[in-house]
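Accompanying notes for the structure given below.
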Amino acid sequence: MYHHVKKLMYTVQVGTPDPRFGNMLLEQFGGANGELAAAMQYSIQGFNCEDPGCKDLLMDIGTEELSHLEVVGALIRMHLKPMKTDRVAAEADPLVAIAGGGGVSLVNSVGDAWTSDYLKITGDLAVDLRSNIAAEARAKIVYERLISFTDDKGSKQALQFLMTREITHMRAFTSALESMEKPPFSIGIIQPTPRLVDQYFNASTGKSDKNEKPGAEPWNHKSGLRLVNSETEGGEGLETTPYDPQPGTEVTSKMDSTPVGAFTGEQKHKPSTTKLKAG
Amino acid sequence: MYHHVKKLMYTVQVGTPDPRFGNMLLEQFGGANGELAAAMQYSIQGFNCEDPGCKDLLMDIGTEELSHLEVVGALIRMHLKPMKTDRVAAEADPLVAIAGGGGVSLVNSVGDAWTSDYLKITGDLAVDLRSNIAAEARAKIVYERLISFTDDKGSKQALQFLMTREITHMRAFTSALESMEKPPFSIGIIQPTPRLVDQYFNASTGKSDKNEKPGAEPWNHKSGLRLVNSETEGGEGLETTPYDPQPGTEVTSKMDSTPVGAFTGEQKHKPSTTKLKAG
Amino acid sequence: MYHHVKKLMYTVQVGTPDPRFGNMLLEQFGGANGELAAAMQYSIQGFNCEDPGCKDLLMDIGTEELSHLEVVGALIRMHLKPMKTDRVAAEADPLVAIAGGGGVSLVNSVGDAWTSDYLKITGDLAVDLRSNIAAEARAKIVYERLISFTDDKGSKQALQFLMTREITHMRAFTSALESMEKPPFSIGIIQPTPRLVDQYFNASTGKSDKNEKPGAEPWNHKSGLRLVNSETEGGEGLETTPYDPQPGTEVTSKMDSTPVGAFTGEQKHKPSTTKLKAG
Amino acid sequence: MYHHVKKLMYTVQVGTPDPRFGNMLLEQFGGANGELAAAMQYSIQGFNCEDPGCKDLLMDIGTEELSHLEVVGALIRMHLKPMKTDRVAAEADPLVAIAGGGGVSLVNSVGDAWTSDYLKITGDLAVDLRSNIAAEARAKIVYERLISFTDDKGSKQALQFLMTREITHMRAFTSALESMEKPPFSIGIIQPTPRLVDQYFNASTGKSDKNEKPGAEPWNHKSGLRLVNSETEGGEGLETTPYDPQPGTEVTSKMDSTPVGAFTGEQKHKPSTTKLKAG
Amino acid sequence: MYHHVKKLMYTVQVGTPDPRFGNMLLEQFGGANGELAAAMQYSIQGFNCEDPGCKDLLMDIGTEELSHLEVVGALIRMHLKPMKTDRVAAEADPLVAIAGGGGVSLVNSVGDAWTSDYLKITGDLAVDLRSNIAAEARAKIVYERLISFTDDKGSKQALQFLMTREITHMRAFTSALESMEKPPFSIGIIQPTPRLVDQYFNASTGKSDKNEKPGAEPWNHKSGLRLVNSETEGGEGLETTPYDPQPGTEVTSKMDSTPVGAFTGEQKHKPSTTKLKAG
Amino acid sequence: MYHHVKKLMYTVQVGTPDPRFGNMLLEQFGGANGELAAAMQYSIQGFNCEDPGCKDLLMDIGTEELSHLEVVGALIRMHLKPMKTDRVAAEADPLVAIAGGGGVSLVNSVGDAWTSDYLKITGDLAVDLRSNIAAEARAKIVYERLISFTDDKGSKQALQFLMTREITHMRAFTSALESMEKPPFSIGIIQPTPRLVDQYFNASTGKSDKNEKPGAEPWNHKSGLRLVNSETEGGEGLETTPYDPQPGTEVTSKMDSTPVGAFTGEQKHKPSTTKLKAG
């Protein structure tokens, strides 16, 4: 159950309204890496989560992002205000001015409607936490860029507050992932094919202007990966011997969700269309 | 420059075509975590990347994902084939059957058109690598689920091949991120606000059915975060003293892209609308 | 600021899970007339609202709809559960099963991503309240249809709870609209053109199979409208004498938002492109 | 069957073309509240309507909106014309200039493609008429804002013509809704739960800056609603005793459409997946 | 100006309603190649067309497609009817059943909202006519497939009527294109680069399973194109000597629209941002 | 299988970066008629194509378009560069500047995400080739317009290179279509209804300002079409006598794909829902 308190989590102050900056700020209101995207990604993951501790984490942060949505909305409204009466200001975002009456809407800086296509929700905790870490990193860098494009002191401070919280969340999600105590590249319940998993495929070849040396990058060594060239370039090519999946071979955590499809009995695999034809 | 070789990276074999499974497989062709999404995310990041080593990595893997798109497309086509002549099969995916003539299209398992809204591209290398690690984790789990929903040996093996490669890529991106030699939560050039960054906000409260203990989760301790309750619940609330952003305080890497907006001179901050009014 | 309490607003109970019904229920989770759409429409309107009483109303109901999102999400999850392990169940919604791991996502019953294009937010209170009344009516009828398509007692009762709340909200929005004390068709600050506003245009003509009598419907009389036929059919056609808009002629309310563009001084109307050419 | 007559419903005249204003006008051509949205919403509702009188109404107004689409398109084209040859003008809308050749397209003022997600069509007459009343109110306010952002006399007059018609339509839809002779909040065939339907839930609490008094607003009294506080705030909370839906209890009209699902026999409720498992 | 006549262009008759076929038919109502797409593509092109003869052609066919939309809508409604009361039928299209009340909506067979992204409108007559020819060919093949997936005599006949009209339109558009009397590959006002335009680039190489001979296809000879291999494969590569565009060199027609940007004076090319910086 | 070579197909050079022109150029990167759209349309058609010669053609051109995507991306990046540090430049495309860090993304000039709704893929070769011819014509005219809106010599030359290739591809697709040796309007396997197919319907009537003579256009004669007026205007109306489809009557080519649904046996036409009810 949700409650709303009539108080912003952070009080925003704006000197001179800057409609074009207000338009830019919409990225963090209704944009791909904005506050609604964060709130929804974590909250819906939380609705689906079966581990009580992680569910709490997801709901804590998902709810805080809703409060951020309200804060950044208040900041944007102050910057958009001149659009109500000033034709030049209105040109900064005609959708906001004409259709939205100069208020905030769930769109980004170029007026694209917010879409849940922005969200990454798989229902696998170890995967979702990685998506959340990446999401927080993206939100951080976007806030930083917005800070760089304004001189308004109050706006900068509000953005600094919001930016900081993304780092806090990134740390919390990272710590939760570590608490699962899984090996670094263990996802799901089926191990990757041996040998093939160690082959780094050199699909982009030739010398570029910058003269980089393919294969010489540190990750090709430290990561245990081995460079393999394409057969069309005289290399050995990737290992393509068929290999049967071995469910249950990957290391799991007690915090994992029920693996999808994994315990399905043989008879349930039959496609319904086959039955329909027989019917 | 791209070249195509008339040979699949992995030869696919299918026993009995299963149109509803073919429909499910479209998730990895034109879906949010599918091969086109991977190919485009890494390749466009590669186009934008200024570090030669990482550009090579991004182009290598982006190009390999294009080859995967072709492989999974070939697998799907075999499963969809009955849709050309069988009404019941056609019902499994009317869009594919009626509009697409029973062939593959850039849609997911429920016929949603592929959209670049699926992609996460910020132009900041340390951020983009995190997005790529998460993307590979998602692709892995989706392949694993598909494996679980079919009994066809050849399909399982093809999916195992593709699934394995995602783990390889996840390792390569992780290694590249490590090679940047940045502290774990260092993003961009502005440090988060001290103290505030350590406060974990307890936004979801009360006892749930499962009796979890908020604040007792390991990440609240190991991560250096400290639990803070809301003022409305008698807590101290988050630190909201205004704090000015300090550009240049965050640890950077020589592999970082040019920070956006960071070196902007004062006069360039002025919004154009102000000038327009004055003009 | 938002808070989450670890307790559903209504405890849901499900007898036998019915995955295809779970799929249908997604209409009210991530669909056009569903709970997120309601929550966002009212909350964003609330963020923008300048009348304190109406702002409170919008935030009250917007927040309650978030709690409904959580309730309907819990109900759906119970029905979707078999998708995790049963291939036939998974066919009911492959997107949910394969990409979403059998959990809820912000999509509708056919897997379309939720989009803010569903929302109606104009920033004009008298208009937004009408959009909300219509939105509640739509949500009510959709819940009713869902009730009709299941026999599960617990599901029916949960839907009855949610359905009832829509009528409550519809009453509250209607009462708020009435409290503005504006004439029935008064929108904004410019009156419509006299005479023309009373002409009902008969654009669809001829006798249909059902033999209806155009022009004889009650609304053409009670409403003060007068039937006008097209000139191409020998009628007088609509009044097209040019008429200048008269701002300030429409009846307003003290609860109205600042009219957009209305107090704009002459010089601000000049398009910026003209200035650019001169510059 | 449709016919087109080579004559605009209203002759548009433009003094000086203003490309940025032409761009703004696209809101009413291919925008969410624009003429195509209106034409399609009413016409498709008309296709589905079983009451002959209301079908005629919906087709009359739906067809008139198509004629408006043509009028507003002609107006926009005059304003966009400089985009064909002037780089600065082209910057006002690069999509229109580069991809569209300076002509009108079905996009809004920020270039979003028109989508039927804008439409509200439920197939329930009493609901659809409410959606139409709200749609007309939105279109009216958008036209009014456009009038405010131009000084061109001919453009203002054309917009006044179109704006007026929205009020006419709003009156016609309202009159049709009244002619159904249903009680004010009667939707569908199932009554809401007694008592619960009268409870107004106070989900947004605390004192805001503007010092509003929650619960004191007129609608909480006139509407017969009673304020209920959350249990987490010491209130009684909403009534959550399970209540079985009672189909056939709501007041209906002879103009209503066939209720969806309402007369479904018991055996048809069985989900097909159950049968499939048994098959 | 548009008029609607209360009579279908073709009277549809259906034997036994087939909800899953009704669902398939939605492809031609709200799908990518359906009747609304055709109606809008031609009508909007017509709004923009400056040649009176072609404008008439575009309005004739655009309007006829609106009448087709009505016919195919009537056909679909008959097939969808069981969705109102039958749970199994409703499963064929839950969006239509639950949200749409069993009526038609502007969606395709998998429930995707209609979008103007389907349309191809460039404002260049010779280009638009080619897009229309292709659109008619697509609509024809989709109707043919629908005919193949039903046994209902009346449905087949209605689809045959609609399918036939697409061929008629294809002929009309082709004839209009020929009447422009332009050379076969003359588009716009700038000729392609000599020599380079004759080089066919062999970007897909190697032997495929089917043993095709690259370069041996008839079009490489009859078309005047010459096969060029990539430099990376030892070929000469494409001609990349820089070549300046020569406006006015391509053969034009008196029916052509005003070329976009073509007569722009030098000073107008200056980007506005340059001016802004200087201002 | 795909390979990438670290060399652009055409080396791009830019004098002064022009961010607003960079923004316009995005039309050809992530726009509806841009290089990704072309690459994907032809490549996916190629994946589906059963004729080895045409498959090769589609893969050749699809792959070349990927190389173009890289070229135009490089050109755009040079023009966007000032967005990284200049606020005024950033206003030219806030999405690119703030969210994308000043790099290219798969969006068009107004920031719309690329969508596969742009693609036209039916799986019928004769249809798809027509769609490709039209697509190349569109891409040509868009490049030409971009050339007209810049004075930068290097940009013009790069665009001229890319523009030229579209004409080459248009010739190749046309030649492939001719090599199918089908009559001009032969699509699929079912002939249109005789007589009806020759009737040109005059749906747009009356005299327009430009005084065109309906029916007098050359295509109404040369094309073998005969003008028919509507019954509502005293004409004979279209031929609407029911006519049964005759599969196998249309002229086919040995290069045609398997006709969809065409050889379906009677029993397979039965809708699955009928079976479900009986089951």
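A few remarks follow.
Note that the chains take the letters A, B, C, D, E and F in the order they are written out, and that residue 1 is the start of every chain.
Assume contacts are C-beta pairs under 8 Å (C-beta built on N, C-alpha and C of every residue); 3 or more make two chains touch, one makes a residue touch a chain.
Fair warning: this is a prediction, and the values are worked out from it, not measured in the lab.
Shared contact partners of subunit A and subunit E, listed by label: B, C, D, F. Counted as hops between touching chains, the shortest connection from subunit A to subunit D is 1. Of the two chain pairs examined here, D-F and D-E, it is D-E that is joined by more C-beta pairs in contact. Copies subunit B and subunit F of the same chain sequence form an interface built mainly from equivalent positions, shared numbers / all numbers used being over half. Simply put, subunit B must spin 180° to overlay its Cα atoms on subunit D, rounded in steps of 5.
For this pair, subunit A with subunit C, the centres built from the Cα atoms lie 29 Å apart. Between subunit E and subunit F, the centres computed from C-alpha atoms are 7 Å apart. A straight line joining the Cα centres of subunit B and subunit E is 33 Å long. Looking at subunit B, residues 1-7, 9, 20, 32-33, 56, 59-60, 62-63, 67, 86-88, 90-91, 97-99, 101, 107, 110-113, 115, 117, 122, 124, 141-142, 145, 149, 203-204, 206, 208, 232, 260-262, 264, 269-272, 276, 279 sit in touch with two or more other chains.
A complete list of chain pairs in contact reads A-B, A-C, A-D, A-F, B-C, B-E, B-F, C-D, C-E, D-E, D-F, E-F.
Listing the residues of subunit F that touch subunit E in their complex gives 5, 9-11, 18-21, 32-33, 46, 52-57, 59-64, 67, 86, 88-89, 92, 115, 117-118, 120, 122, 124, 126-127, 130-131, 133-134, 137-138, 140-142, 144-145, 147-151, 153-154, 156-157, 159-161, 163-168, 170-172, 174-176, 178-179, 184-185, 187-190, 192-193, 196-204, 208, 210-212, 214, 216-220, 222-225, 232, 238, 240, 242-245, 247, 259-262, 264, 266, 269-274, 276-277. Interface residues of subunit B facing subunit C in the complex, by the touch rule stated above, are 20, 23-24, 27, 31-33, 108-112, 141-142, 145-146, 149, 203-208, 230, 232-233, 276, 279. Per the touch definition, subunit B reaches subunit E in the complex via residues 1-7, 87, 90-91, 93-95, 97-99, 101, 107, 110-113, 272, 275, 279. Across the complex, subunit A meets subunit C through its residues 1-9, 30, 36, 40, 44, 47-48, 56, 59-60, 62-63, 66-67, 70, 73-74, 77, 83-88, 90-91, 97-107, 113-117, 119, 121-124, 257-258, 260-264, 268-272.
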